[in-house]
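All chains are identified by letter, namely A, B, C and D, in their written order; residue positions are counted from 1 within each chain.
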Amino acid sequence: MGAEFTRHVRRNLVAYIALLPMAAVVIFAYLGTMAWSVRLSFSSSKLLPRNDFVGFAQYVTLFDTSRWLTSLGNLAVIAFFFLLICFVLGCLLAIFIDQNVRAESLFRTVFLYPYAMSFVVAGLIWQWILNPDLGIQATMRGFGFSGFVLDWVVNPRMVLYAVILATVWHGSGLVMALILAGLRGIDGEIWRATRIDGIPAWRVYLSIVLPMLRPMIITSLVLLSISIVKMYDVVVAMTNGGPGTASEVPAKFIMDNLFERANIGLATAASTVMLITVLLVMAPVIYSQYFRKSGRAA
Amino acid sequence: MSSVSLENLDISYGNVPIVKKLDLTIRDGEFLVLLGPSGCGKSTLLSAIGGLTDVSGGRILFNDKDVTWTDPKDRGIGMVFQSYALYPTMSVERNLSFGLRIAGIDRAIIERKVKWAAELLQIAHLLDRKPSALSGGQRQRVAIGRALVRDADIFLFDEPLSNLDAKLRAELRLEIKKLHKTLKSTMIYVTHDQIEALTLADRIAVMKDGIIQQLDTPLNVYNKPANEFVGSFLGSPAMNKVEGQLAADGDRLFFAAGDFRLDVSRYLFAQTAESGRKVVLGLRPEHILPASGSAAAIEGKVSLVEPMGSSILAWSVFDGVSLSHLVGQDDGCEADRAFAVTIDVQKASFFDVETGWRL
Amino acid sequence: MMPQAKPAAAAKRPLTYQEVWGRAGIYAFLGVLALFFLLPLYVMLVTSFKSMDEIRLGLIFSLPQQFTVDAWVKAWTSACTGLECTGLRVGFGNSVKILLPSVVFSILLGALNGYALSFWKVKGANVLFACLLLGSFIPYQVFIYPLVRVYAQTGIYGSLPGIVLTHVIFGMPVMTLLFRNYYSGLPVELFKAARIDGAGFWKIFIAIILPMSVPIAIVAVIMQVTAIWNDFLLGLVFAGRENLPMTVQLNNIVNTTTGERAYNVNMAATVLTSLVPLAVYLLSGRWFVRGIASGAVKG
Amino acid sequence: MIAMKQMVAVSAIALAAATGIARAEEPLNAEVIHWWTSGGESAAIAVFADAFNAAGGKWVDNAVAGGSAARSAAINRIIGGDPSTAALFNTSRQYHEIIGEGLLNDIDAVASKNDWDKVLPAPIANAVKVDGKYYAAPVNIHMPLWIWYSVAALDKAGIDKPPETMEQFLADLDKLKAAGIIPLALGGQRWQENSLFSAVLTNVGGAKLWTSVYGDKDEAAIRSPEFRKVIETFVSLKPYVDQASQGRNWNDATALLIKDEAGFQVMGDWAKGEFKQANKEIGKDYGCIPGLRPDAPYVLGGDVFVFPKTDDAEQVKAQHLLVEIMTDPDVQVKFNNLKGSIPIRSDVDVSSLDACAQLGMKIMSDPARQVPDASQMMEEFVYGSVQDIVTELWNTPMTVDQAIDRFEKALKG
């Protein structure tokens, strides 16, 4: 191995050198900081990092903190509905736009532009539109529908759906763009074949087209998942976690404890839990999607 | 001028061995075809000769010089790919001259060489075009031209014609043959098309699962396949295979499969063939001839005929054994009729049932 | 581009009764959703053109009675944060200063990584790449604290190079993924041919691969411009006082409360802050879909 | 204190930085990180800036919207080895750990010169004094639990005089509700809900319960009937708040009083700034109630500036000059008039202060009624957990027993 490995490296030396920045980033900026976080989660760090060791005490505290448990539960609800709605809506938009509609590029732009706005903007503007005193509810009541109620942002039981609404508005255009791109790549012969066989259109989409779009679907789900795990700005801008703790999310829990509450130990314990969760959920997806069949031998 | 020697070569991808302990010498100026089904390792082998794939064991020698770890550009090779691999953002002229420009060759020389190659391949009028504006055949000519201008000693062709239609394929096949005559360079040509192999090669190396099954001239590979695999891989229509056993009857040796009996005394066995040995008889359709009143004729019944233009491929049953055989248009061979044939035993092949190797 | 035979494709023959209803349904669906998607933009625009008096009295969905651009002027030139009343102008310049090098470097590096990963055999590179991808799922917040300390040690904390480096670091996973997948779709023979032609690592990258990367580079530019321009957290932490990006100023303006909230100024500031990514989308939206279709997201 | 009030939406996005290499060549440059970005606050800090500039310094203003963002920026700068000259904190334990790490300069020199031990009220002095040394310059005293009322709204509901007991207060809320006025203006943000809770705790439980629950974290006090009464009273206030309160900013809630649409608001003395800006007069248009019992405790919160460690003599000089200026009696009066708070020193001329501030100064002169703010009595993360409980108590159904259990866990844990 030794001599051959040396020869292999020498032949590909430039490639090794070219990948050094990436290696440095991965090792120092990603793995290093993750290791640092994991280490601190076993310490009693408060405002400043400490080097002591307190075992799993922070984790015990963490899972005894109702706000953290609420955050996890909220994340699960948001993840489920956000993924589902974004995906279904994005697919429907793409399919409908793909029906030779007029003003196609106009529709496409309209559905995609929210993705260009920041999450902060998405949160602020929807908070305003859904605000019972200012927005839709006030307008409807102004029209005489005095019993009209749309109080999602102020109702602890509905507030998550307000957040989901804003994020769906923000993200479903991306799914549309990806799926539309996939649809454009499908061979016209498939459509002819299904017409000969007399298969109804909805059936073709469900049973034939969607499976063919697997890479696009996975990519869009991966991109959406990234934004779910990191979901922070939109919640802060829209509800700041309220009413009460009804719309708290893990990233916000981490931030608040890291900075506002000066509780680094607990914050890093929470981020370690997130890290492990992401590893467990995403590692198989990433492996199967991007590595398993990477058969390229240069 | 170059010879190529591969010594004890191992190539693997990850833990999967692709080429195993391979020895092969290609003579200076020889046209060698690597023939085999897809996945047999022939393209990987070619890639390794070109220096594009790292070997995991063994050596590659060009003119007795070890080039196992030499950079592709320093091996003095030109290579033509199945997908043409033309640089899409460059004109034909730039495509042809790219390598020369990198090597820092004088502009005048580059121009002369490009002109020479373009004229040789009749693509001079295409020099300003982008690859996307060319037809398949033109693209392949440019790809060949790119290899030509490099003054290579060794040319590597990786299934260069398989993306073309039949007519173009035949045309370019001929041109490659002419090119070889003109340049007299060593050429290594990978294909899964037996016609290309048979028409182009000085020698054919038939590969399967990373191992060379037979290395010989086209005629010998066709007529005397080294094993059952080679026998059935080459030849169209395909070789008939009948499993049976040898039986001695006096001083004569017979092949028997059920009621089917064939006198094979005249077959030249490479190994002593004892009676009772289980064998596979390989018979090419063209070696089963319409009987013209000969005594050795075997009578059978035609079940199906396939007209093939110049001749007809007939499927007939002889004493319970179904064989395909070629007949002329005037031989009166029709379905459901009786038909008599003689079998040219000297051109038949016998293979061991167990190992598949020729007897 | 378009598959010719779509179930409801516009055919030459007259449409059947059923198909007419089908078309109507499609347009109704798209139209209603378009209204939903446009609603926030509409609200932001009409509000930004109203005076505060009108906002106080009127409904947010009504058109401005007296059209005024005062709020825009104020947001751009004189909105206050703390003792400074310079509007968003300064932040705009800072954002541009941060955006340009960050986009260029992160895309070049992403392309380089993708190229090295998909054409060259580098042992362990895939493991690194997997770590990078997983890293992209971790909330930024986890990285910030240790990065601040490392930056402080190297003296780039709170400087333009610091914030640019940060964007390059956090843009790396998605950029590398984009280019790697795109390059995986290119024929590897191209690379082999170039190697036989004597081109080395850089020559192949610059002369052959980069010129072919235009479709995916457009996607990358769109994604990075959006991400970097909209970034708030990293800019706030790493950019330094002199270089605070527009989003940070927007936050300061929106959250600077003097009695009544100046919704019109806030909305104008918000739209102003979103203009650059919006313009990028409007101008290159079609390329986005096309770029993705060109294999950007193949597995 | 105002800090936390300011943490609106985005602003909470923590960690701010904001460097700016302090220009060492110019003498007495002072870069000051703070979060006072609203109108009244800006005017107030300008008093410091002007006075500092007049004294030969050069004030470099670094305003970061949002208290936690600004504090994070300051801490990052300190840890990053590139600290500002001064940074704003609340009178709390927020900065005590940095002192422990030796990252702040003490200002004993200025303190002893000005006899701080004498002129500062005990809770404030205790808050800024660590291990016998002064580490922070207090600049104001905020009482975060004033009860404000709109005179016109109360009139409309037929309430002839402001309440003096909790019972009267609750009865007035009912009257307001019956008159179709929002009885209690509240911004549905964590800290505002907590202010309301603190007000109930001090006014129902008194100073003793306040210090034994939040200060001593005494189990018996947490489980006492008094504390149970506090929780019950707090929850009973829910119906008096309008539906749209969720997420509302404190000044928007104050605006409801200004517009006479709401009756009462529990808010710190900075609310005065809003009334003043709307040209409302104390007594005529609005009024302030310091407590709902004669011995209602006066909670002392406030803001302090800390001075990060530096060896640069010029910077130390600038720091000392800042301390001098910020605590100067005249500057104090001017500053606090704009900020709405009261001066930290007992030796200032109170005549120019408004009626509410004068009332506050008077109450504060009785040390028995002085109690420290909750944030001074526990660590940040403990206080955070307490705030979480209060906000959940307010927004989601929770039994009193559950609430007591959780209080105990948060405070004892």
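What we mean here is this: a residue touches a chain if its C-beta (ideal position, glycine included) is under 8 Å from a C-beta of that chain, and two chains touch if they have at least 3 such contacts.
This structure is a prediction, so every number in the text was calculated from the model and none was measured.
> Out of curiosity, which chains are bumping into both subunit B and subunit D?
Correct list: A, C.
> Considering only mean CA positions as chain centres, point out the chain farthest from subunit D.
B
> Ranking chain pairs by how many C-beta pairs touch, which one is first?
Comparing chain pairs, contacts are most numerous for A-C.
> Rounded to a whole Å, what is the gap between the Cα centroids of subunit C and subunit D?
Distance between chain centres, rounded to whole Å: 40 Å.
> Express in whole angstrom the distance between the two chain centres, defined as the mean CA positions of subunit A and subunit C.
So the centroids are 15 Å from each other.
> In angstrom, rounded to a whole number, how far apart do the mean CA points of subunit B and subunit C lie?
A distance of 54 Å separates the two centres.
> Please work out the Cα centroid separation of subunit A and subunit D, and write it as a whole number of Å.
The separation of the two C-alpha centroids amounts to 37 Å.
> At least two partner chains per residue is the criterion; list those residues in subunit C.
121, 141, 192, 232-233, 251, 254
> Which residues does subunit D have that touch at least 2 chains other than itself?
Expected reply: 8-10, 13-15, 79.
> Two-or-more-chain contact residues of subunit A, please, as numbers and ranges.
8, 120, 124, 232-233, 255, 258, 297-298
> Can you tell me, using the touch rule above, whether these chains form a line, ring, star, complete graph or other shape?
The chain contacts form none of line, ring, star or complete graph.
> Which of the chains are touching one another, listed as pairs?
A-B, A-C, A-D, B-C, C-D
> For subunit C, which residues are in contact with subunit A within the complex?
1-10, 26-27, 29-30, 33-34, 36-41, 43-44, 59-61, 109, 112-113, 116-123, 125-126, 128-143, 145-147, 150, 168-169, 172, 176-177, 181, 184, 188, 191-192, 200-202, 226, 230-233, 247, 250-251, 254, 263, 270, 273-274, 277-278, 280-282, 285-286, 288-290, 292-293, 296-299
> Spell out the residues on subunit A that touch subunit D in their complex, using ranges where they run on.
So the residues of subunit A touching subunit D come out as 46-48, 61, 64-67, 120, 123-124, 127, 131-133, 151, 153-154, 156, 232-233, 236-246, 255-263, 266.
> Touching subunit A in the complex: which residues of subunit D?
Interface residues on subunit D, with respect to subunit A: 7-10, 12-15, 68, 71-72, 75, 79, 94, 97-98, 101, 188-190, 243-247, 379-381, 383-385, 388, 391-392, 394-396, 406, 409, 413.
> Can you tell me which positions in subunit A touch subunit B when the two form their complex?
Going by the criterion above, the answer is residues 4, 7-8, 10-11, 295, 297-298.
> Which of the residues in subunit C end up touching subunit D in this complex?
Residues 80-84, 141, 144, 148-149, 151-152, 157-159, 232-233, 236-242, 244, 248, 251-252, 254-261 of subunit C touch subunit D in their complex.
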